[in-house]
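Take a look at the structures listed below.
One chain, chain A, links the two complexes that follow: it is found with chain B in the first and with chain C in the second.
Entry: the complex of A and B
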């Protein structure tokens, strides 16, 4: 049985802004499922609907066969939720926050210690500190503890690593792996494409639409172009010049580099491209062929869809 | 558990806590002393043109009343003028020549009072005191000499009842204000705060019943407001000698019911507002102002336009003030005020039901 089943879900705010358009998704039990997309794509709206906090305009959603709209009370028993914004009590200590949510769920810290132990070990040195005074990474670990305290069957994490430093982000994902081994289904959203590869499957979402669901490797394998990268001293003028490029290509800045994907026969296209750059006085570093990342794939799919 | 958490919130927020506990006491002392229309030891001058036994007895009586302090005995009216300017006297009394003789011979003796009317309130209050003291003196004098024809004509007008003690009027009002302020305002902010910080979402997806969330939020503020109320009552009784003519238990029961109403009104407000600022503004405009203006606390209700008299009915404060005045001043018991209690309790139930239904609205 699938853990989460979403069929044709729509949501429009104030009758104008369409946040979700005909979303259909299926998440298997025990999966780490990633929802990847830029800010404003509709990730949080989907999470709010899944966590019974928001009603969709149309469509069906079920969690382990329970209807999220009608049986919302039973659904609430089996879900853990880590919202996109810090949603614990900042004036309560770490220990008090955890105790509070344990009691709210009629559970206790001891009961599920085995589950939260890997995280608790990291935050317990700060257990008397006020939650509001924790660092970003620590806050999220505490929030995760609170979301897990009643051993939910499915865990919803809305951008858990946004605003968290790279080291803590890595630790956080390691923790998610260990949660998954406890047979808890995890649905996680992130705007960071590099994190997407750590999910079993990812759904790319943009403007309220799902534009692809696959394991990260499959998505990368489906990359159609041939991707190259090179360095430029002046990315801005390079981008302006590339607008005039006659070749069938897709280019975008990537840090200090330029990524460019060609959809042509490279034996003829590459010399033509180098000549084009020389004609427009663009100095550049070595042009290297690279493996696409999830981000490159996302950009390709978005561009091709337009 | 929500209860315990709420207490931790309150205690950790020391500024709010001390404000909530100190404010009522400060407020009742301020109202009691400053808005008080009682004046003590007002400086006066007495121009005694007869200097006989009876005129001295009258002056003694004025000093002994506690309301006046005779600071000078001018010799003529010009000196009275100077006293007003230099000695800061509020009033001058002129006793005519041959006072004792006039008393025994004539039916009416005229005393003259000169007022500093730059403060109209003070002037009229002092006049009333003079009148009261002089009348007391007159009736004693008449009793003494068993001649009941003598009376005094004082050339001032009576505006206030000199024995009316303003604190009696203010204490019920202040108790109402404090309870509205502490219970309604704070409890409306607390739920709105949970909404604002997103913790409300976390609470909602727990299996806890909505009613428990509301009750857990209401009770701590009721307790704090109860402590404040006790403090106000203690000060009123000890400092201002406010009588509690009804039963103390009845009074406390009435206060608890009103607190429940105020707190549930606060819940209602926070269930319709998104942020703490919203909640605060709505409480101020929707509850605090009507409580001050439409409860009959400062301005008598029956002199208002009909619209406002009708409007006042929907605010709990009106019913509470009527009930508390009955209990404190008239000494009414349960059967006299049960209707008010029922109205207040009914309001609380309606507010709570409405806020629970609003709390879990999923859109």
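Entry: the complex of A and C
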């Protein structure tokens, strides 16, 4: 049974800015589903619609067979939502926030302690501290506890790791895995491509459109080109020169390096490319064939869509 | 039920953890009660008066003298010219000028018509009005005595006063700053001496004590502030910090949420009102003449009107600044039209019509009637019904305008 079923959802703000265009998605029960895309792609709009906070202009959405618009009251009982910005009461303590949301969901802390225990253990030493005085990572963990306190069937996480340090990010993803093992469907959005590989399936979203849904490995397998990384101290001049490259290739800066995806038979292309670099005084640095990451795949898909 | 209780608990926790809000709730009423009633006073205690006596007769001297025996007027002496008086009034040295024409006394004895000119600085129109009223009273009183002691022919006192009123209404303005009032005095020698003594008795506020009007007014302001201001800021703050989203995704119903917010502020409002009543009794010695349960009951209804209004405002505004401006605007309109501190009797008809939708004007009526007059339910029934209807309408509006999902 699919947990979330989205059919042809549209959303336009102020009658002109199209945030979501004909979104169709299906999320299976018990999977960690990632929504990956740059800022402004429409991730939060989709989350707000799924969590009954925003009405779509058209289309149908059902959660476990319940219509998100018509049956919003029953939908609210089965979803947990962690918004993109911290939105618990900063002037209430950790314990008070948790108590409050437990009652809001007609549940109690004791009832679902087993579910939140791994996270609760980490924040319970600060349970009398005001939520507003917690560190970023702690805030997220508390928010997660509050979103899980009623044992939802689906957990929506809108960019839960944005602005969180790498260690906490890793911890957070470990927690998500353990939540999944409790048969809770997780839908998570992130602008970080490296996190996307930890999902069961990911949907790439850009300009309000879904441009591919697949498990991370499939996405990587579907990479069409042959990817190389170019390491050099002078990426800038290299990038300028690559503009004139006669070969069918796509290049972009990637961290401190430059990634180049070739769509050629490399046996003949590589010597030609090396010669091209020599002609333009770019023989410095070294070229290495690498495995594409999800980000490379995303860039490729975006480029081809354009 | 459990849901509403935790909402109430949460609200109280937040109020008591917000030192600023708490101090506003405690200090603001104290300051309003301890300062305002002592300085907001329409009573004119000192009027500086000067005279131009072109007659220099016994009568004019007597009249001037009679001003000295009044404890309101401070005589600034005799001036010689209109120009000098003008200069003094410009510099606020004098508030009133009384000018006797030449042959004033002679005219009186000859039973001819003569006039005393009273000029008042009308920058403060209340002061000018009250001042000329006092002058009229003193001169009128003197004339009455004069008429009584000079029995022969002439006009009756009553007639004279009638004549005086007529002339008053024709008051001529010497310039727009200082309208002057010309008072006719005729030789006042009634054929049959009729003595009419008018004595004023002020009911429900025997000493005409302005505190009796101001203090209940402050009670009204207090209840309105708690009801409207604090709630309008509260809900919109949840919008600003995003907690409202987190609450909206829970299965809680919107009426539960609003009720959970209203009850704490309703309780706070009632507590403030109770504290106000205690201060009123023990500091100002004004005790509630009417029934206390009636007063509390109507206050409870009025608070619901204000809470509903506050929530309505905060659900239509996006941030605290917006809602604050809307509340401030409404508050000023309410106060100025309602008759809390100013009489409504002089207002034009259209302003009275606006007051039909001004909850404060109904509530102040109740407050004045029940506290000062000791009115029973029958005489405040109309106000109670209107306030109840308002409470229902505005709260329905608040629930409807508070949208869980945005479009």
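The working rule: the second predicted complex is superposed on the first by the 304 of 306 C-alpha atoms of A that agree within 3 Å, B and C clash if a C-alpha of one lies under 4 Å from a C-alpha of the other, contacts with A are read in each partner's own complex, and residues count from 1 in each chain.
Just so it is clear, a residue touches a chain if its C-beta (ideal position, glycine included) is under 8 Å from a C-beta of that chain, and two chains touch if they have at least 3 such contacts.
Not measured: the values here are computed from a predicted model.
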item	value
Clash or fit, chain B versus chain C on superposed chain A	clash
Touching partner for A:270 - first (chain B), second (chain C), both, neither	neither
Which of chain B and chain C A:66 touches, first, second, both or neither	neither
Partner chain in contact with A:88 - chain B first, chain C second, else both or neither	both
Chain B versus chain C as contact partner of A:104, first or second or both or neither	both
Chain C clash site on chain B (candidates 19-27, 55-63 or 73-81)	19-27
Touching both chain B and chain C, residues of chain A	51-55, 72-73, 76-77, 79, 81, 83, 85-92, 96, 100-101, 103-106, 146
Complex interface listing, chain A residues touching chain B	51-55, 72-73, 76-77, 79, 81, 83, 85-92, 96, 100-101, 103-106, 146
Interfacial residue positions of chain C with respect to chain A in the complex	2-3, 6, 10, 13-14, 17-18, 241-243, 245-252, 404-407
Residues of chain B touching chain A in the complex	1-2, 5, 8-9, 12-13, 197-199, 201-208, 362-363
Partner chain C, residues of chain A touching it in the complex	51-55, 72-74, 76-77, 79, 81, 83, 85-92, 96, 99-101, 103-106, 146
